[in-house]
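Both complexes below contain subunit A, partnered by subunit B and then by subunit C.
Let's turn to the complex of A and B:
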């Protein structure tokens, strides 16, 4: 199963490297999001308290939404998802391959977003790199796990572009709460390890539950 | 329609017509006064909101597992009732909170979880309405995720703080306050059952009409 997932990931990356369409559009969109928030919220060089945590996560969410939509639109246009599903690969492996592709893209976006947000909002985001990586990784996995399933199942639905955020945002509220609260805890002058550990633990539970559910649901919702 | 339906609907109507009098006769609560009466409608609708969510989630899981459209019709009917009772809960809650907490809305565990589940139910209906053919399976998947989501919201917000009165106050209520409450709970429960049955019935008839049209098309 992991081999199939790896092959799908490699295929997605190869297609993407040739055009770089999703990478460039997603990164540019994420950066413009952060800039818009910086224009709106930073007054005379002073950013609102804890604002950086929220804006980082909003940018990740918006960029993720865009990337999810585009990744599956590409599969739909050339009917390649049907080919993937017809192939002798287990359905959950297709899901995992797609999820890994989205994760690679979002982690790339975060590499760019973290320094940008830290700079524009004068936030000490990089003060605890280990915890920041833990929160970003677990939060992104949770968001992408739900997002990949929803984007895949909406591929046959009408008005899918509008429906993706409509379905995705309410369901990923706990990830955003935990991500934002956890990141905000990192920005405090005195790090409270207990609080950060609680949010990371919650995110890990969320990831486990939602990836399991998605692996189970992918089969019935992708079958006509 | 089953035999119990019309008697149940009539009893439900009578109970609802009588409920304002029952509630008006309940003694005034010392701190909140008249505003406390909202509670007699707020809590039953919140309970129906919860029951509808459970019915929708369980029916969706069964639909995904079996592919039987009877479960799908139940899930759709329950989904609409989540939105209806959720709206009642979310409107009556702030009215009560304004007096009790001094503000319309507080992001505590229970309010946040209710609001988000209500939004997920709205998303569910939007998907069913505008998703086109095949959207019932996708909606069932959404309902499953929505149901799994609530404990997480609850834990995460509870970690901050919570000021919503816990449900443990209910058994401690004196009879004079408890009677109107249970009276309203039974009225709302009957209303829930009647509406659910009615809505499932409409969907069943719709499915039959669709099947007949299909059969007619095949003939001609």
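Let's turn to the complex of A and C:
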């Protein structure tokens, strides 16, 4: 299963390196989003308390939605998703491969977004790098796990661009709230390790539930 | 590398009273036939007759609403993923990545199907498609006929036991059509079962071992070793219209 997932990831990265279409649009959108919030909320060099945590996750969420839509649009144009489903590997391997591709894109976007948000909102985001990586990684996996399943399900829906956020955001709101609260906890002058551990543990629970459900439902959803 | 269990090898595919509904719309209704090794079966009928739906069910992409499909003694519903290594599908859409080169497309699908040396397999497939000199060009720059040739090699890259071809002659010039007909005959000689859906009755004439005429999802007639397909088709469709 992992061999096929790796093949799909490698293929997706090769296609993206050739076109750079999703990388450029996702990064441009995420950076624009952060800049707009910075102009709106930062007054005389002072940003609202914990605002940076919310802005960071909004940018990740919007960029993720854009990346999910474009990635599956590519598989729709020549019906190549069907070709992947026709392969002899277990069909959840296709899901894992696509999920890894989305994660690679979102982690790349976060590499740019974290220093940008820290700079514009004067937030101490990089004060606890280990915990920041843990929160971003677990939150992003939870969001992308549901997003990848929904984007695959909607591939043949006519209004897929509208339906994806309509379905995705309500389901992933708990993940985003946990991500925002966990990131906000990192911005406090005194780090409360217990609170941060709680949010990370909650995010890990979401990840386990979402990934398990997605692996379980991917084949029936895609074949009927 | 995908392991093929001996129990997964089959020498015929049995379609028994298969129906498929999409909501209240009936796409295929109670169709039955057997596709044995070394035969070419043609699914013939107008647009919306259910040919592509039937091929999707044979490819395990859709489950029948009623009836059964059996690969040898194995029910489609019990079939493990490895069974799909025995099935090759050429769809109406070509299943190729336009940003990748022909070689990369073929190597990717060869690796997906667990071929030992994906690069070597892709090279051989490009030779068969007559595109060895264009192998490093992105598929986006190919004509429809060239893409169709690459797509056919992609579908057959793992030497399937059952080949399912949806409108394989679309966009091919005369020379490519003749090459494809000869490729299909070679595939039949090698013992594959081939099921193809086509509108090109003139090309299919003399190629098919069995012609199945479909209309509005129903099988209206089946002919063994059909000759004079065009008049048989017209007759089958007229009789159905009157009934």
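Note that the second predicted complex is superposed on the first by the 224 of 224 C-alpha atoms of A that agree within 3 Å, B and C clash if a C-alpha of one lies under 4 Å from a C-alpha of the other, contacts with A are read in each partner's own complex, and residues count from 1 in each chain.
Assume a contact is a pair of C-beta atoms (placed from the backbone, for glycine too) under 8 Å apart; a residue touches a chain by one contact, two chains touch by 3 or more.
All values derive from a computational prediction rather than experimental measurement.
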In the superposed arrangement, which partner chain does A:146 touch: subunit B (first), subunit C (second), both, or neither? first
So, does A:178 touch the first partner subunit B, the second partner subunit C, both, or neither? first
Which of the two, subunit B or subunit C, is in touch with more residues of subunit A? B
Of the partners subunit B and subunit C, which touch A:19 in the superposed model: first, second, both, neither? second
Counting only touches as set out at the top, which of subunit B and subunit C does A:86 meet: first, second, both, neither? second
Which partner does A:156 contact after superposing on A: first (subunit B), second (subunit C), both, neither? first
Name the contact category of A:108: first (subunit B only), second (subunit C only), both, or neither. neither
For A:170, is the partner it touches subunit B (first), subunit C (second), both, or none of the two (neither)? first
On subunit A, what residues does subunit B touch that subunit C touches as well? 224
Subunit A-facing residues of subunit C, complex: 2, 59-63, 81-85, 87, 89, 91, 93-100, 104, 108-109, 111-114, 138, 154
Along subunit A, where are the residues that touch subunit B in the complex? 146, 149-150, 153-154, 156-159, 162-163, 166-167, 170-171, 173-174, 177-178, 181, 198, 202, 205-206, 209-210, 213, 217, 220-221, 224
Subunit A residues touching subunit C in their complex are 4, 7, 11, 14-15, 18-19, 77-80, 82-91, 223-224
State the interface residues of subunit B toward subunit A in the complex, per the touch definition above. 64-65, 67, 112, 116, 119-120, 123, 126-127, 130-132, 134-135, 137-138, 140-142, 144-146, 148-149, 152-153, 155-157, 159
